[in-house]
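Got a structure here, written out as structure tokens. Questions coming.
Chains here go by letter, A, B, C and D, matching the order in which they are written, and residues are numbered from 1 within each.
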Amino acid sequence: MTDETTTTRRGAFLGGPTRRSLLALGAAGTAGLLPKGSLAQQGRPTRPPERPRGQVVVGLSQEPTVFNPLMPAIEVDQGVWWNLFSPLWFTDPEGNLVPDLAREIPSQENGGISADGLTWKIRLRQGVTWHDGTPFTAEDVKYTLELINAPGFRARSRVGHSLVKEITVTAPDELTWRMETAYAPYLSILSLTFIVPKHILGQAADPNTAPFNNAPVGTGPFRWGERVAGDHILLNANPRYHGTGPHLERVIFKYIPDLTVLYTQFRTGQVDYVGISGINPPFVREARALRGRKVHVTPTASVESIAPNLEYGPLADKTVRQALYMAINKKAIIDAIYYGLPTPTESFIPRQSWAYNPDLPKHRYDPKVANEMLDAAGWRRGAGGVREKNGVRLELTNSTTTGNPVREQAQQLLMQDWRAIGADLRINNMPAAVIWGEFWQQSKFQSVMVSVNYMLGSDPDVTPRFSSKAIPAKGGRGNNNIQYANPEMDRLLFQGATQFDQAARRDTYRQIQSIIRDDLAILPLFQAVLVEGTKEGLNGYRPNINTSSNCWNLREWYWA
Amino acid sequence: MSAPPVLEVENLAVRFRAEGGEVAAVSDVSFSVRRGETLAVVGESGSGKSVTSLALMRLLPKPPACHISGEARLAGQDGRMLDLLRLPETEMRAVRGNRIAMIFQEPMTSLNPVKTIGRQITEAIRLHRPMSRAAAEEEAVRLLDLVGIPAPRQRLTSYPHHLSGGMRQRVMIAIALSCEPAVLIADEPTTALDVTIQAQILDLLRRLQQMSGMAVIFITHNLGVVAEIADRVLVMYAGRVVEQADVRPLFARPLMPYTTGLLRSVPRLDLAGRRAGALPAIPGNVPDPRHPPTGCAFHPRCEHFQPGRCDAAAPALEQVGDGRTVRCLRWREISLETAA
Amino acid sequence: MSAYLVRRLGQAALLLWLVSMIGFAILHLAPGGPLAQFALSSQMTQEDLDRIAQQLGLDRPLPVQYFDWLVRMLTGDWGTSYRDNQPVLEVIGGHLGATLELMLTATLLAILFGGWIGILGAIRRYSLFDYLATAGAMVALSIPTFWFGLVAIYIFSVHLDWLPAGNRQTAGDGSLPDLLRHLVLPAIVLALVEMAIWSRYMRSSLLDVVNQDYIRTARAKGLPEWRVLTGHALRNAALPMITLAGLQMPTLLGGALVTETVFTWPGMGRLFLDSISYRDYPVVMGILMLSAMMVLIGNLLADMLYAAADPRIRLG
Amino acid sequence: MSSTATVPEATAPSRSNASRAFRRFRRHRMAVLGAVTITLLFLASFLGPYLLPFNDTYIDIMHRFEGPFSGAHILGTDELGRDMLARLMMGGRISLLVGLTAMAISMAIGILVGAIAGYYGGVVGAALMRLVDAVLCFPTIFLLLALAALIEPGLLSIIVLIAATSWMDVARIVEGQIRALRERDFAVAAEALGASDRYIVFRELVPNAMAPVVVAATLTVAKAILLESYVSFLGYGIQPPVPSWGNMLNNAQIYLTSAPWLAILPGLAITLAVTSFNFIGDGLRDALDPRLDGR
């Protein structure tokens, strides 16, 4: 979801990598890239206990503060939601949709979705109760979807939801609705939409400020315990949970805004699991050598890239973008600054996705060719060795969020790399709340270094990112802040969003990736990784690239 | 005049440590006071009067900041003579405020502003005379009454700022008298007060002295006051005694030109209001103790200065008869000149 | 007395109003906003961002927003946090305890040790101790607090592993020894500057007093030195300290912010920092107002205490 | 952060006191030491880089984290393999520059506000001084952070930022001085001679109020250097690759355990500079305040 958010300043201080940077921490790719021996350590198979037992302290470098799962929030918040609430279905680590509150995944085959994709029918699991004992019914689902579209409610996003019309409860465990247009990604969107209780939130005068928001009641595996603001959140096992688990009596989400402290507490054993923002790269080697601790390098769906403003002078020239890309010493950035943890990539889609295109041209670091390309394109060296063409100097600023020393190092490397081909880069970093405000939204930047999750949940629809109708600076309502405009792209994007057949969609999105790579609409660097740690003896940890938080399955965790 | 001295000071010298060496603030001061006698110590500011008195009280900084030498013998309760300058600090504390007490120039600041009058008096009483708090309070009332403070009992709970300067000086006197000292040092006790109040305080001191028979060392630069209160006068200049005499002979016939100058600058009570024009002050300033003049310290300001003589050798203190002393090489010639 | 209070409170109200205007203007004129953090989310489009901004009333003209805020404030409604969706007072209240704990401990340490060092320095003026204390205080005033905190963490937590590197308690443990262990380092780091200030003020205040005539009077009575000190000098020397305590409020709050940052202490300073970076305007305004109130109340209390302790002062 | 001791009130206006003040200053050993240290720091910062074989921004990624005294780099290298000594020197340039410029600006604001408030008094004066009071209600860091949100990080903005949060003390001092001085003879005389207000304020009054301002200025430099480090620490500092002591420290935090010298060296530099300025201020205060003669 939000990859790039305001950092809690703390994360920025000692810790450096904030969510953004941590997502930036390159990707060791798949589970196969787990440190050697970790499989052996995991070896001894154990069984979950009969009854919930023990507690897990989850260390987080950002503070979960939003507990209404429909309101604007960031990943850490969602990590808590997974344990309090349930979606209709969720996406497992392999990318399969798994029913949760719903009895089955609606599809054209099982009749849940009509052939034209416009009519949806959802059948719900029976016998589910809210934490307060009230039965869960189709009315709650209807209420949730209606609340998202309610005019006064500060819903996080209405993408997809706004298409839903005529919700009808046909039985306590069944409801139908009609979509305004066919929209394939909606299945994925619903996999991240948690259902809220009508009998509580519906009573509130203003759902925006309801007491529920700080004493949430859900259908999830854990119940709300307490929150000490700025310090921790405590959840207790829900004995009436409808799925497997929970096997833990208690879960404590501990807010430790400093990555050094977070790691120290993991090392000393005060923290059982290091979640967002993970273990800082400089500590990874030491962490791997710790006894009784396991380190997991888990890929995230975010891709670190240099996002150029395609309307900005020199960057509008494709040759310039190609030369700049070629002049980036990616290997040095990944190996030295990111300790070799992330995986280089050419795409905006994570390699774990079914839509990933593995056949994109590989990046080559070659300043000499880059120089020749610029020479050939008429960019001549001018004053101070900076190239010029038609009076336009090859100079640009690069911005990122302040307080992210690791990314600042990459910027400085880039500066030196690009100077070698006569491009003058200046660093112009800003606090998160500034850079991602008007500066970004209205495309007032020249280039930014950023880590973005382009996926809609597990769906690769990137219409808001690359459609020419989605440029906010030109009145669009999407996230196409780099101002990419290409009619062929618009056509493919529309096609992909309305296809329900995955094989057909895969072809569409492979084409999309290859066009973006060819145009260098973004200069992709690497797929980010999150380095997490668990105590030995803690079972059930299963990183899931599709859920934005690896706390998604705490219900399955248990102590050996 | 035959009573034995209660305090004898001999060759008192005080030196302060300063940048680049030591500075002599007081040297070679000797005098004595008898029971019931009032000795006035006069001189301009900086002449060493106050340092002398603080040295006797042992209230000057400790070595190495300050060195004191000489002897100061005070008659103890049992008649034994105690050398104030050599007494161990603990014993000195038993003497200070008890056998020898002091009142200061600034009644406005000499009392602790955050403590009641009562506390400040009883503290002094109980320090040297063990008694209950209640008894000490009674004694305080008596003392306040004695020094002429109206409604003394109510005053016990007053704070210093409730009182006028004159009243505060009376409180100070009460504190000083609380243990019936043998010697009272009054360091310019009236300087900061109005003329009418001055007279009252002087009256009070005289009355108290008659009652208790204590010796009073009265430090002042005001010769008018001296004429009124003193039996004997010690004139100091640049840290030394320059003349010593009974009050009448001194006023009648000062021998040292400095004394003459001082006397000339006094507004005579009998002339007051009649004489117009400024008083003839002594020209020049008190010498810088760090760079004392050669020879007689007063020679740069002296109208009888004789080059080659006055600036050559420091004059000694000379006995003139009648217990009178003077420090001047030319005092005979001068007195002849002035007589002529 | 009550007239005095009314006047002081009136002045305070005026100051608070100025503070609110300055704060509001600075915050809202700053580029960016509370929704910027969501701008990169693929789930949230520009449309969502614009809608939420409008729902929050952020699209209204600034004076209207300010007036709205002011009116609510005057009726006791400090607004609702954008980040927590909770009333601002509750959000701040949840963090205030930790900050007060830290500030009080540090102040106590500072008064005890700083005062003691100052007294000793004044008594033994120009001694080696005095010299070292003076130089030490100057260095303490010059060390960047956060750097000192980092070095302390490096030595005591990372290297020696004696004390926790941060936080107020171990998760799942809230026992007193645990709390105290967590309190030690941050309290000392925050107290360092305070100690330096207190020792310097104590020293010079005591030196001022020691030269006063009434101290000479006390000595002339024959009081032993320690009674001169405790009975006369300290009481008077402590008077300016009351004012100092009142004036230290802004320094303490600022120091607390930095210390809380270094030690991941869940207090108001951290909250302020987080709220600033989230552009959680209601909370930031709330903290600014609250800290201004604390400063003003600190001053007022100090003046009243001073008046109570010094018989010469009458408030009126 | 330092809220260093108070600044003295009135001091004698006469310039003939200058040499006496200088003598007194020289007697203040720590102050002299501070002055010497600052001079050395200045020399190192402004001349040092020309004597070094290393460029402060040259990245040598193969030689990162080299410890001090271990190779060609005397004080080792940083997280990008840049020479620490060169960066410390260049960082010193920036930090000292920030300190001095911020001081100059805050003095200018403070003197202006204080002089106007003190000279005119009345409603204008009261309004200005209430403004000062209001700004002083904000803890410096709070104000600094709120202001930092307002502008893009950079050398100039940081200077302005710091100046904007440190002029109030001077304003108060000057206001008090001017209010006291304007009643004195020479102001009255100037007024009688028909001098303009501006002339009286800036030619007659302000110069006579300078002594405490000079002390405050020195202490403000110290404070400004500290504040720069705080702002950098809190992530609103000067843009890379330009080094300042503050942002060097900020970047070094994540390497505290693995490369502690990266954090320790700039921290020491800051402490040294700030202590020196504070000592100089202390010495100046003693030197310029005749009331303290006896101390």
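In the analysis below, contacts are C-beta pairs under 8 Å (C-beta built on N, C-alpha and C of every residue); 3 or more make two chains touch, one makes a residue touch a chain.
Values in this document were obtained by computation on a predicted structure and should not be read as measured data.
Student: State the chain with the largest centre-to-centre distance from subunit A, centres being mean CA positions.
Tutor: Between subunit A and the rest, the longest centre separation is with B.
Student: What chain sits nearest the middle when you go by CA atom centres?
Tutor: Centre-most chain by C-alpha means: C.
Student: So the centre of each chain is just the mean of its C-alpha atoms; given that, what is the distance between subunit A and subunit D in Å?
Tutor: That gives a centre separation of 44 Å.
Student: At what distance in angstrom does the C-alpha mean of subunit D lie from that of subunit B?
Tutor: Centres of subunit B and subunit D (C-alpha means) sit 52 Å apart.
Student: Quick one: subunit A and subunit C, Cα centre-to-centre, how many Å?
Tutor: 38
Student: Return the residues of subunit A touching two or more other chains; collapse runs of consecutive numbers into ranges.
Tutor: Within subunit A, residues 9, 13-14, 260, 430-431, 433-434 contact more than one other chain.
Student: Residue numbers in subunit C touching 2 or more other chains?
Tutor: 30-32, 150, 153, 158, 261, 273, 276, 279
Student: By the touch rule stated above, which residues of subunit B touch at least two different other chains?
Tutor: As it turns out, subunit B has no residue touching two or more other chains.
Student: Which pairs of chains touch each other?
Tutor: Listed in label order, the chain pairs in contact are A-C, A-D, B-C, C-D.
Student: Which subunit D residues qualify as touching subunit A in the complex?
Tutor: For subunit D paired with subunit A, touching residues are 57-59, 61, 64, 79-80, 148-149, 152-153, 233-237, 239-241, 250-251, 253-258.
Student: Can you tell me which positions in subunit C touch subunit B when the two form their complex?
Tutor: Those in contact with subunit B are residues 212-214, 216-224, 231-232, 235-236, 239, 309-312.
Student: Looking at the complex, which residues from subunit B come into contact with subunit C?
Tutor: Interface residues on the subunit B side: 57, 59, 90, 93-98, 101-102, 104, 106, 109-115, 123-124, 127-128, 159, 161, 172, 175-176.
Student: Considering only the defined contacts, which subunit A positions touch subunit C in the complex?
Tutor: Residues of subunit A touching subunit C: 1-10, 13-14, 55, 57, 63, 65-66, 68, 71-72, 74, 152-159, 189, 192, 208-209, 213-214, 228-232, 250, 252, 254-258, 260-261, 264-265, 268, 270-271, 430-441, 450, 452-457, 462, 464-465, 470, 472, 476-479, 481.
Student: If you look only at subunit C, which of its residues touch subunit D in the complex?
Tutor: The touching residues are 14-16, 18-19, 22-23, 26-27, 29-32, 134-135, 138-139, 141-147, 150-151, 153-154, 158, 193, 197, 200-201, 204, 207, 211, 248, 250-251, 253-255, 257-258, 261, 272-273, 276, 279, 284, 287-288, 291-292, 295-296.
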